[in-house]
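One chain, chain A, links the two complexes that follow: it is found with chain B in the first and with chain C in the second.
Up next, the complex of A and B:
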């Protein structure tokens, strides 16, 4: 069934009129043909819960930061609109104070205080953005990735209000003119939808690690948080790491390595 | 009856105007669209075979694309097993369908324009740059 935002709104409105709940309408729309023969890719990377570690001390120059963010934004056709208000970002730099607001203290060592941290969607274990999305355009996959289906996004921006990490951007204008070089193998987005980091689900399906991890020269690692032998678990068991705003209870899956390792990394 | 003549005349004019488009087009056949498969990739193929038979695709491609989308996005799948030739195809409008059908204007648009359907695929999926290959 083909349905666009406008039609969805019509159906949702009509259902409300008839005293049905919005959810019933969504369930109806989500029904798919169960017996089609489809497969995972032969090289697909699988996990129970994908997670990332970021060691900013291993990113030494502005150029290295840019290499990482550029890797993501160029392959995902993220536009560079050039003003703060309309900005679209999947991964970006922020100072310690804004990254870990509850933990900022005047005596935090300078090398941490003024070090830019790389921020992105945390692919939270209990994602508030998923709870508030009225259309299931934002949803959590069994492997922990908080994904988006742009076909279904109605641009209500509830998810942006719910996300405590500022991980989502809204397309106030047509992004296409602001994409310098399109990656012809990946779609763009359109005016009126929200977008964010996908944990590179399209690359995992083909057996590749996230683009930012690949471009990071070992500063970023990626793996299964529930596999004790995974790379992320190895990093976490040998380094002291923080998550952003853990007290909010969303359970972020992105870890920031702060302390040095107990073994030479 | 008051003004019977005028009423009847009015009705005749009204019906005449109202049904004008029907009579105007009567006897004229709108040419059936002929989507072209003349593209470099298709011309290279020994057996010109889509992921399913031509007839099936004609009738079902829209449902199939809809299911592909949910299967890829929601369930993390990548490949579709053809019921026609048993081969696996990567489920991707932009990378699989349009790689062969790189002539969107002469293929997709031909029928869509004829049938006055306006799929909104191309606001996000990048259409092939035509005559540039």
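Up next, the complex of A and C:
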């Protein structure tokens, strides 16, 4: 029965993505089940291993930060519950010393020390969250994205204990009343499941870059880490970049460009 | 044999009613949690496991401790344990049942629990933990029930049950090792990332389980005509002594590694638990209570003059049990989450509904234990005058 349902959803999802249909019924199904239905469209972006660079010097104002996090949270129906205990976040700001514990010292220049860093799921090459999940509800896709099936997650939160980056949030209560403006094209979640950044797999399937990248005015780049000609590889070959907690061996795919580039424009 | 649990003194029924009251309160609190979500607990994005998982961890140890009776009795033919080995096995059944319940109430989507079986995932330690826990429950049910039935009939236990008895020994070690692996294999949680975790779990298990068993033996002797035997209790007391020393030693090793190496990540959780960080010190009084009780218990236990007095031994056992409950049933799990991956501190304290659910499950455990012990005692009282069978 579940296979039939899933097959149906794939077809329904694909039809919507191709723009062949847009009936209210399909939208209603998509609203709650779209994650099972991310199927690539004809213009889909593909990669062997998706990665991101974040140039911390290119994001200058609080407003710019908010624009980026809002772009993500609004399209993904991330609720704003308003208290720290129940908080759900996919991308957010932390100071340098909290982003890179152990790398901080008192002589770090002020513009770095008090610079907010954008944090999100690192889509690790060897994700501990995937290793510990007892139901394969969180899994690694062939393109390197660490994805989730919200319908299979039993809410054991082993992945939250395993993630060294604090990237995962749990729905401690029904999130739906706290979604300001619901995006009908992306599923909402229910209480009792874990969620996190998806590297916008649903947008990649339509040929669009992640929402945060699009909203970043060039501060964030996105591309295939295994393609030497990709934008991220270009940035990484010309700038000095850090990853969070690389010593743990999880292989984070998000790079933070700290210094200026060697390149002259 | 179950019918033996249906007749009892007024005191017996008062105790059962008392437990049922807590169970009802626990069920009601759980229904509230089921409806609202796990937000009714004190857990948060930063401390994402709390009381439930800590109780589970602690009780796996209590369950595993049955092996401290099984090994001397079945492998070394230590006859003094003949009468009480069943008490250890039945304690294991009650404890494992509580473990399974504690995992269940901790799930955000409990209706999906069968996904663990529908989508078996051998790379997940939780998958193995579910497997070994259910296996251990099954083994102890078979062994406990068969040996007791045989006893009632006055015959030796059937030969086919022997392999299960021997299997229960490595299996008991496995349940606590696998439970330790839940924690000890996670990158970035320095407090848990230690090779001695499983060893420490076993040491604390073999101290807390047998100390509870001693207390239960003393209670059994008081409320029934069945005497577990002074010598058996004294031998268990020695087990508690050795295991508690081993546990404190292993904890000492953790302190050495953290503080001699001076690696901040390794020191943080200890600093938070025993001294507090930046004024966050909710667990400090508890951890020091645990420490003081441990020292007190060790003094009482290591001195033969106090250990041999049953009242003193009982006091030491209560101390050991509470000390280890705080250490493992609270500090170990919460400490692993503080500070969080951003080196910020979020504190945890169980909420009222969470405490009621927890009390409810403990009451279910004690109810199972009471019923099983009632049956075992009824059989033992009848056969007490018979000559030794094995």
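Following the convention adopted for this analysis, the second predicted complex is superposed on the first by the 223 of 265 C-alpha atoms of A that agree within 3 Å, B and C clash if a C-alpha of one lies under 4 Å from a C-alpha of the other, contacts with A are read in each partner's own complex, and residues count from 1 in each chain.
The criterion applied here is as follows: contacts are C-beta pairs under 8 Å (C-beta built on N, C-alpha and C of every residue); 3 or more make two chains touch, one makes a residue touch a chain.
The structure presented is a predicted model; accordingly, all values stated were derived computationally and were not measured.
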| item | value |
| --- | --- |
| Which of chain B and chain C A:187 touches, first, second, both or neither | first |
| Partner chain(s) touched by A:141 [first = chain B, second = chain C, both, neither] | first |
| In the superposition, chain B vs chain C on chain A residues touched | C |
| Which of chain B and chain C A:94 touches, first, second, both or neither | second |
| Touching partner for A:156 - first (chain B), second (chain C), both, neither | second |
| Touched partner set for A:170, first chain B, second chain C, both or neither | second |
| Partner chain(s) touched by A:205 [first = chain B, second = chain C, both, neither] | first |
| Touching partner for A:112 - first (chain B), second (chain C), both, neither | neither |
| Common interface positions of chain A, toward chain B and toward chain C | 190 |
| Parts of chain B lying in touch with chain A, wherever the complex brings them together | 62-63, 66-81, 83, 88, 90-91, 94-95, 119-120, 123-126 |
| Interface residues, chain C side, partner chain A - complex | 36-39, 43-46, 48-49, 103, 106-110, 112-113, 115-116, 118-119, 121, 123-127, 130, 182-183, 186-189, 264-265, 336-337, 340-344, 346 |
| Residues of chain A that touch chain B when the two form their complex | 1-2, 4, 30, 32-33, 36-41, 44, 139, 141, 143, 147, 149-151, 182, 184-190, 201, 204-206 |
| Chain C partner contacts - residues on chain A that touch it in the complex | 84-88, 94, 97-99, 101-102, 128, 131-137, 152-158, 160-166, 169-174, 190-194, 245, 248-250 |
